[in-house]
Amino acid sequence: MERALIYIINGPNLNLVGQREPEVYGRQLLTTFIENLRQKADADIQLFQSNIEGELIDTLQEAGMKADAVILNAGGYTHSSVAIADAVAAIKIPVVEVHISNIFAREEERHVSLLSKYCTGMITGLGLDVYRLALDYLLQGRKRLA
Amino acid sequence: MERALIYIINGPNLNLVGQREPEVYGRQLLTTFIENLRQKADADIQLFQSNIEGELIDTLQEAGMKADAVILNAGGYTHSSVAIADAVAAIKIPVVEVHISNIFAREEERHVSLLSKYCTGMITGLGLDVYRLALDYLLQGRKRLA
Amino acid sequence: MERALIYIINGPNLNLVGQREPEVYGRQLLTTFIENLRQKADADIQLFQSNIEGELIDTLQEAGMKADAVILNAGGYTHSSVAIADAVAAIKIPVVEVHISNIFAREEERHVSLLSKYCTGMITGLGLDVYRLALDYLLQGRKRLA
Amino acid sequence: MERALIYIINGPNLNLVGQREPEVYGRQLLTTFIENLRQKADADIQLFQSNIEGELIDTLQEAGMKADAVILNAGGYTHSSVAIADAVAAIKIPVVEVHISNIFAREEERHVSLLSKYCTGMITGLGLDVYRLALDYLLQGRKRLA
Amino acid sequence: MERALIYIINGPNLNLVGQREPEVYGRQLLTTFIENLRQKADADIQLFQSNIEGELIDTLQEAGMKADAVILNAGGYTHSSVAIADAVAAIKIPVVEVHISNIFAREEERHVSLLSKYCTGMITGLGLDVYRLALDYLLQGRKRLA
Amino acid sequence: MERALIYIINGPNLNLVGQREPEVYGRQLLTTFIENLRQKADADIQLFQSNIEGELIDTLQEAGMKADAVILNAGGYTHSSVAIADAVAAIKIPVVEVHISNIFAREEERHVSLLSKYCTGMITGLGLDVYRLALDYLLQGRKRLA
Amino acid sequence: MERALIYIINGPNLNLVGQREPEVYGRQLLTTFIENLRQKADADIQLFQSNIEGELIDTLQEAGMKADAVILNAGGYTHSSVAIADAVAAIKIPVVEVHISNIFAREEERHVSLLSKYCTGMITGLGLDVYRLALDYLLQGRKRLA
Amino acid sequence: MERALIYIINGPNLNLVGQREPEVYGRQLLTTFIENLRQKADADIQLFQSNIEGELIDTLQEAGMKADAVILNAGGYTHSSVAIADAVAAIKIPVVEVHISNIFAREEERHVSLLSKYCTGMITGLGLDVYRLALDYLLQGRKRLA
Amino acid sequence: MERALIYIINGPNLNLVGQREPEVYGRQLLTTFIENLRQKADADIQLFQSNIEGELIDTLQEAGMKADAVILNAGGYTHSSVAIADAVAAIKIPVVEVHISNIFAREEERHVSLLSKYCTGMITGLGLDVYRLALDYLLQGRKRLA
Amino acid sequence: MERALIYIINGPNLNLVGQREPEVYGRQLLTTFIENLRQKADADIQLFQSNIEGELIDTLQEAGMKADAVILNAGGYTHSSVAIADAVAAIKIPVVEVHISNIFAREEERHVSLLSKYCTGMITGLGLDVYRLALDYLLQGRKRLA
Amino acid sequence: MERALIYIINGPNLNLVGQREPEVYGRQLLTTFIENLRQKADADIQLFQSNIEGELIDTLQEAGMKADAVILNAGGYTHSSVAIADAVAAIKIPVVEVHISNIFAREEERHVSLLSKYCTGMITGLGLDVYRLALDYLLQGRKRLA
Amino acid sequence: MERALIYIINGPNLNLVGQREPEVYGRQLLTTFIENLRQKADADIQLFQSNIEGELIDTLQEAGMKADAVILNAGGYTHSSVAIADAVAAIKIPVVEVHISNIFAREEERHVSLLSKYCTGMITGLGLDVYRLALDYLLQGRKRLA
């Protein structure tokens, strides 16, 4: 079995994680956390962050052509973007939706994700660990199938 | 009467038409289809596609200054973008809204278009022909007025 | 390939088009317009108008048994009639829904069509041309298949 | 650090997992899966299943007094039970909500969980692995704090 | 007290103010108006406009690191962007939301701002003066604290 | 001034008034009441009743061409018929909507009239007198203008 | 039969009728109109106007003790006042609700009257004549019973 | 006891049952089925079908004057017709509402029947047997009372 | 063909039928009625009643393993229990939903059944006869198939 | 007059009152409080608590047969249980609904009680005193009637 | 401990209690009832009634400055007045909301109180006793604290 | 140019600003603040406060006849009063709506202003400065026009 290629795609304001609003997102830099993850993981990890909705779509399409799976944290676009939902629907590889904070314990408008129904599943509220668990899930699945 | 200039503006994920989800969008490449249209049409056709909402707005504004009419398929932004709706409202040339699939036969959140009320009209669900029919309408109208 | 038979079925108040509310529907008589269409078309066109919901259903059922396709403008019944929707669903030939004015630029209660999801597609807001374009679509499709 | 005690609490119809509706829940017996988990886990695992809402509340209260954390799959009560939500709120240990299938890809009435806002987080749609990942999260957290 | 640095951030279609839809936005160029403001103001003013949602987020983040306050007119994104709202919430300097036209006297979908609750306050409907008043407020406040 | 021609158009089940449900509609035959009205009125009165929605539309259209005003009791179609509303909108003579019982004191689904906004006004709940008052209003108005 | 005593109770801003917004309410002074009515009527008419909700309630209670019937135009309180509705419910004499303009042809928030279900009936949209017709109804009814 | 007279009244598109959409309505002709029922039944059965709402009302009124009970399948009018509901309410004999398919397992707009509250009861989803069971219920009831 | 085994499962408060609220449920004891049914029926009937939601689920699961069909009256749980709905969905034998009173003629919150879409069909409002008719349907079906 | 028998029925999680969430429910044990009440009261008090919805229904039915009145705190079932509401409706003795905390000052989903309309009245938000006041009310009423 | 001063503030139409609608409010004069209460109470009681919303606010403000607690029955303003809610929120003494009839058993628009969340608690539906119980609660609380 | 006359009209509970709830409204007396404003302003300022809705309407009408502009803070009536909205609509001078706190950051029911659409604009959330900015706007406008 080839070494897997996993895209981690982060949406708007996730570049601030670890710098701002620690009461919501904690104090660890997201980039550092994922760097650690990358070093330990038995897979190639491609990290991408953008505040621009369309660039996230570009990257999802690219992942659909190159990667084995996606871990997607679409940030605030989660709740408004039919266009990102379309991109998830268009690609056939597994996409696991993650959120660092518990979106259901926050404001009403954050309770609905337009993406969820097109994703394989969702992990939310477990801090930065949501990335680690999503990765674990994706790699375990490959092993089982291998 | 001068030869007309028509912008065809396509939004997010429409670059995938013909490649993915053929059960929804068919198997013909959208670019090929429009290339054929261009060759037969008695008008200049400017084709633009972007996944980025703001670039669609940029192009709508540009069309408003240069073109005679617009054929607009805003994809997933159709259902969420007040900003694109504003751009349509701001330009004074005819804008015909098109959708390849029948948006009313799909999920609930695709049944409402924020753009429709600012457009001249809408053609939906007739496959790639929606572009051909919109073009026909726009050019016939010019002839009648000429 | 046999000459196609297309039913054009018009619902309530469409007998007044060209006589009343020209700011909404224009000044051309709908019957004159369709007469012109009929003369140029490479198909047999059967025109039917009624203000009675059930007679529209009768005619849709008849079309389902005799015709190749239907162009349907159900007028005000568009927004309230599950029964016409049932008739559209029951017949297997293509039905293209048309509206002369842009229903999405009018009052709230005209924004929802109960028929759309059972129709092949919809053309709205392009004046009487909606009939011409629907006919064009239906005949082109037949040619491609022939 | 003492060996952790984790309650896994399963609600109505989850005793059927692996026996019925394999297209939704898969073909592996949930009890077998958790037995495997138990053998490998560095923790004591207490498994409880009931179809009776009040017994789930009893067990949540008991866990609140004895255990270090809970993994809770409340099944159909997820969407209607303020009473189970109250029990989760009343106990102070971490509760991770899990669902085997992707509740957001199912019927409308399954999209809202009354429990989520009181839980630490949610893992949904990743098959039986949701139990494994929740357990992993809970035990990792303990290690970090230790 | 140092000279203040204020960002004025304008969203989609606001580059057209003074050119189009004068019945809604008046006939004065927004850039000219703000140039005048800049010359009279006892502060440095950084003007930014983009039609791209993510670039507005980028600039809000930049302002959060460099500036003393923001005057934000998010245009059509006001009503749909949880992501811009997140950016406002993430930065700790005062953000005053402005709208040239009275958003409450326009269409239903423009009555709700997703940003308002994270902003210090809102000034709406007073024409280009909304920028002048917001600036006045921000500079007076600094003086009082100085 | 010519003698006025007034159409009184009654919808479904109003042929039963005076025969059935006297607790809602009273015990006087509607036809008898209107016959009395006709004899005393200084106008020609044309009475029409049908249970068929489309025949009411036919008659409204006819009234629009021949009569000076309409008194319309659309019965149960009041609450569901966009098509009758269209017919009222299409004709330019005054249409006064009447209801024998107080529709606002009945079930929820009878509280909304789709016709009201296109009518001159409404008289409801005053028993058969609603016809007499509507007629009085229409004839007084003619006198004032004469 | 004694001469009837009828209260006409007018709510907020109805003192301006005839002075302001003639496109909505016409140009005739309401007081003059009612003065004329009083002189011709075979009844004593008590006219009361107040902008204060509670004074309208006081007067309704007073009417309930002294008068034979009420003609009530509660103006803007029509749409928000459960308290006036309670006062109407508490008194046992007939109350006819009137509105000069057609409330159903105005803004959404004016389409619902909280009073209607407790009133005998409603007359709306027929200009100042609504007072004349309501009075006619009330006096005719008395005659019939006498 | 006299032999009972039962009306079976079928609404729009029910003339197609057995011919079209067998996956919804089965393959047996409804007329054949009811013919069989008639031969075995200890009652006179009057069968009526129309696509026209008002003719169904006419027939319900007629049944109210002549028959002992009604079995009513109003088809698509079930969900929109206050007028048919009024006719059911106006007649005093028992009316049993039936639907061949399970309306609750179909689209949202078919889940609400405006007729149900005025009917004695409803039988839905049991195929053509719904007619047989309704008849059985009505005849058994008569026997018990006899 | 073996003798069929039918479970009749009754939910909360149905043990009171015949004792309380006779204006809603009649005066006959439900147990007596079903005892009579059992004696005449050409099938084995297993009657179960519980006020406890989870016990109804237990019994539905048991029926799914042992019985040929279920007649289910879930009482008040009909309107709130996704968990019972899940149990119905999980078992593959026919389940006919019954209600003694006409749930559509009662309060708003009783108009929606969460179970209906998973059941074969529903019989409601025909008194205790709903059990008899459901049984008849189930046994007739078996005969036809035999 | 006989000594009254009053049932106090407490629902899910109320066994924890005094032990957990003192900021919501205070620090006094509910059982101790009611023991004190019992000793002072001029009545027999039967205290029952269960987390199981159906056991609460069982006990309400039992109270309906044996007791003079009920004080009911249904906890989280208050907001979801039509079945408990049915039980309250079925018994004819007075039932006073109580809540320790002010349910209207808590989350949205706790603002609606399905039980209230069937209860005599409600006392909420006054701490454990709600039991004392309810008891006082019930016993005073008996005295007045005696 | 000083003798307490309690304001009882009654809103619109409560001056009619005992005179009108005895089926809702009983036959005892509210003023007589409170006079009795005053004579027995170990506190000074200030009774105020007005139909005018603003006078209730004036009195709430006055109570906030002079009294120890308030018993508030805002009548019909309960359901519409954000302004009274503001006054309750602004004063810091306990306010107990009372209603004589069970507001939850009445019309839909009476089920929501805008005041409740700012009040200490609510007592509803227990007749005039609601005043006695509220007073008891307020005085007991003072004793416990003393 | 004459010296302008500006009415500042404050609604319910605004007499308490500076005395109560300083966390919402600050600690400065509103009357003192406006007194300062008056001394510096190049205009005559008429200050009016009342808790009575109708007195605010009286004063708005008076301002409409005497003043050049109004600054209106309708407090809690902002969210419920169609009657004040009518008064604003009836007068033709500019009305600027102000709120001291950010109404969009408070409870849901404070997010909607019924007045906004009739006002020139709104300033909210900037503390007492909202009065100063509104005044500045009104006087600047007059200068520009002069």
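For reference, chains read A, B, C, D, E, F, G, H, I, J, K and L in written order, and residue numbers begin at 1 within each chain.
The definition used in the following text is that a residue touches a chain if its C-beta (ideal position, glycine included) is under 8 Å from a C-beta of that chain, and two chains touch if they have at least 3 such contacts.
In this text the structure is predicted, and so the values were computed from the model without any measurement.
Chemist: Supply the minimal count of touching-chain steps required to go from subunit A to subunit E.
Modeler: Contact-graph shortest path, subunit A to subunit E, evaluates to 1.
Chemist: Could you work out how many touching-chain steps separate subunit H from subunit K at minimum?
Modeler: Shortest path length, in steps: 3.
Chemist: Given that subunit F and subunit G are copies and touch, would you call their interface same or different according to whether over half of its residue numbers are shared?
Modeler: same
Chemist: Please pick, from K-L, J-K or F-G, the pair whose interface repeats that of A-E, with more than half of the contact pairs identical by residue number.
Modeler: Interface equivalent to A-E, from the options K-L, J-K or F-G: K-L.
Chemist: Counting C-beta pairs in contact, which comes out ahead: K-L or A-D?
Modeler: Between the two chain pairs, A-D has more contacting C-beta pairs.
Chemist: Which integer distance in Å separates the CA centroid of subunit C from that of subunit I?
Modeler: Inter-chain centre distance comes to 47 Å.
Chemist: Find the geometric centre of each of subunit C and subunit J from their Cα atoms only, then give the gap between the two centres in Å, rounded to an integer.
Modeler: 63
Chemist: Which integer distance in Å separates the CA centroid of subunit C from that of subunit H?
Modeler: Centres of subunit C and subunit H (C-alpha means) sit 32 Å apart.
Chemist: Any idea how many Å lie between the Cα centroids of subunit B and subunit G?
Modeler: Once rounded, the distance between the two centres reads 54 Å.
Chemist: Can you list every residue of subunit L that touches 2 or more other chains, as numbers and ranges?
Modeler: 52-55, 80
Chemist: What chain-chain pairs meet the touch criterion?
Modeler: Every touching chain pair, ordered by label, is A-B, A-D, A-E, B-C, B-E, C-F, C-H, D-I, D-J, E-L, F-G, F-H, G-K, G-L, H-I, I-J, J-K, K-L.
Chemist: Show which residues of subunit K lie in contact with subunit J when the two form their complex.
Modeler: 96, 102, 104-105, 111-113, 116-126, 129-130, 133, 136-137, 140-141
Chemist: Over in the complex, which subunit D residues touch subunit I? Could you list them?
Modeler: Subunit D reaches subunit I through residues 11-13, 15-16, 20-21, 50-55, 75-80, 109-110.
Chemist: Note which residues of subunit B are touching subunit E in the complex, please.
Modeler: 52-55, 57-58, 61, 64, 80-87, 89-92, 114
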